[in-house]
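Before anything else, here is the set of structures, which you'll find just below.
Shared between the two complexes below is chain A, which pairs with chain B and chain C, respectively.
Right, the complex of A and B next:
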């Protein structure tokens, strides 16, 4: 003891391998994504909630009627992710956006691959870019991209 | 899709109309997803544990002595748990000790776990005040007992690292058992 000592350091990973059941509603949504379809669910007020939820957000009653929605939509609001962290859906800088799909009345959160924040505006139309290999996961939507927009 | 059946007295979820999915009834629907969650740290063990781990890389088990009681703590934390003062004297401990308690493992996890059932134990090294943890091997799991004398089995020299995993396991040595009463309070 006494002489200078170089401190050790080592990676330490604490991981929980959660395996959860989806229930019939989320399960149907993910099944649809695997098949390149998007479904929402009709609320008591006939509004379409997408991604679908099991219970009406206002009345709490169980919802049962799935509704097909579009694979294009409108960016309602967004934030730019300049520094990409491990585990994020895209490995290059991208937008995190709330996207109102055609036929839906609520927006879903996903990423938009558009190169730079200058290329994206609220109100832009975007469409789904599907992952080549799909397994029934939200990542079956690789990302959204601008419709007709050059990057 | 059919109703999900729940036990009586619990709620049930009504069947959903999934015609909009456009999939035939024989398509297997998603029912489970894996969502692993991880937190990734860079762990810095601090000065005392760094001293201990560097010792292990040289096949040395280094404890540190409390200035007040003279007891030796291993792994050292740099301060005595008795008086809160720094431990300033390093003590090289032998590679032998006594099983102070043990547990039979039937469901193992981790990549280096031995075949089940096996024993993990706390081993009170000779001259130490507290026990270190490790698996017991080279003996049937149901022959392990408190007070049994054991020694460390190290990895090959070319695999030594700054890690407690340098000690692969502990194995019995041919010495009489220690009176378990003497091990009390030294876990």
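Right, the complex of A and C next:
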């Protein structure tokens, strides 16, 4: 005793290798992305929820009316990600953003490749940059990029 | 309704990393202290309920091992929530209301240091639309802060003032991790490293825990000379669909506040579970607190933010100020999930 104890540690990586069944609403959205299409769903109040949800956000009733929305939209808010973390869509610093796609009434969470925080403002128009290999995942959208913007 | 009060509160000295302790070693002395303060032996506790997270512990059913800190043999009546300990207290309060217990021990704890907390917290999100993007908790909070800044609902000056006030208040809190602050002017000169957020806008990453004893009626009066009676407690939830919510608001707080009876009498102090400076403004607004209310005299989560404990600590901090006579009626708020998604509000009273 008297000597400081050496603290031992060992790496532990947890994984949850689930395969989920996505169903007719989420599945339709993810399948659409694979084919470079984006769909939302009409709520009871006719507002288009995108990405689509299975139940109305306000009334809770099941929703079925899928509608096409645009592949361009407007940045509603954003935050700069300087420290990129494992698994994030872009491996260089980028913006996390809520993006209102044309024809949708709720915003989608994704990332914007814009180089620096000085290059992006709320209200900027952005469009989808599709991933080359698509599998039916939100990551089939590689990222968004500014419309007319310099990279 | 049965009268139920918080009669004892203990918490760890919070720090960035309790690397030399496992979860049992970290929380056991805190539980012991909470029981000792009211002279209670473990057999006198009818119900035990804890809040913790397997995602932080890196192990399924991790709370089962932590039960060694309580001593579960002979068998005890016990439960657990994968939530902040404030919700464990809610469960215990319901258990007492139903007449199945008169006394309860509640604890909440989290060791965030073994992993990358902003990344771990992304696992709380929707598994199809959000989780595959691994959005970190600081950037998500930034989405909310920018909406507030650009809509004129808060200023960078106000955010820096909240950070300053919190960490200066923590100078008198022996459990706080961050004590004291640079001046507001110095904070405003700092880079916005997580644009729009600066480092001072974020709660620290903390290892620590808290334990609380509650009791009904005469037992509470016997164990504590001035019990902190739970006059109202309620919890509500907003949508997990971030893009469909107005992130500048948290209506669930307002509903919980009304159900808990926040405005049925004057409020002396409020302890608010706001891990980011701008979120304090949202909570204050939803609770409808007047400018006279002292907010986070402990320093709040900006001074120490042990996951799964920081909400329960808010109840404890209000209760201790009622025990001491410093306050008579206070409100405690706890949050769970990202961007103030789920919220609990409790009203505590001395008389």
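Definition applied: the second predicted complex is superposed on the first by the 141 of 151 C-alpha atoms of A that agree within 3 Å, B and C clash if a C-alpha of one lies under 4 Å from a C-alpha of the other, contacts with A are read in each partner's own complex, and residues count from 1 in each chain.
Operating definition for what follows: a residue touches a chain if its C-beta (ideal position, glycine included) is under 8 Å from a C-beta of that chain, and two chains touch if they have at least 3 such contacts.
Small disclaimer: the values here were computed from a predicted structure and weren't measured.
Look at chain A after the overlay: chain B and chain C fit there side by side. In the superposition on chain A, A:137 makes contact with both chain B and chain C.
Of the two partner chains placed by superposition, only chain B is touched by A:68; chain C is not. Of the two partner chains placed by the overlay, neither chain B nor chain C lies in contact with A:114.
By the touch criterion defined above, A:39 lies against chain B but remains apart from chain C after alignment on the C-alpha atoms of chain A.
When the shared chain is aligned, chain B comes close enough to touch A:28, but chain C does not. With both structures placed on the common chain, the touch criterion links A:19 to chain B but leaves chain C unconnected. Of the two partner chains, chain B is the only one touched by A:8; chain C is not.
In the superposition on chain A, A:48 makes contact with neither chain B nor chain C. The overlay of the two complexes leaves chain B and chain C separated by a minimum Cα distance of 6 Å. On chain A, the surface touched by chain B in one complex and the surface touched by chain C in the other have residues 5, 7, 9, 12, 14, 20, 22, 30, 86-87, 137 in common.
Those residues of chain C that touch chain A in the shared complex are 19-20, 58, 116, 118-119, 127-130, 132-136, 138-147, 150, 193-197, 239, 241-244, 247.
Against chain C, the residues of chain A that register as touching in their complex are 5, 7, 9, 12, 14, 20, 22, 26, 30, 49, 51, 53, 57, 76-82, 85-89, 96-98, 100, 106-111, 117, 122, 137-139.
Those residues of chain B lying in contact with chain A across their complex are 1, 4, 13-23, 27, 29-47, 49-51, 53-54, 88-90, 162. Residue ranges on chain A touching chain B, taken from their complex, read 1, 5-25, 27-28, 30-32, 34-35, 37, 39, 41, 54, 62-68, 86-87, 136-137.
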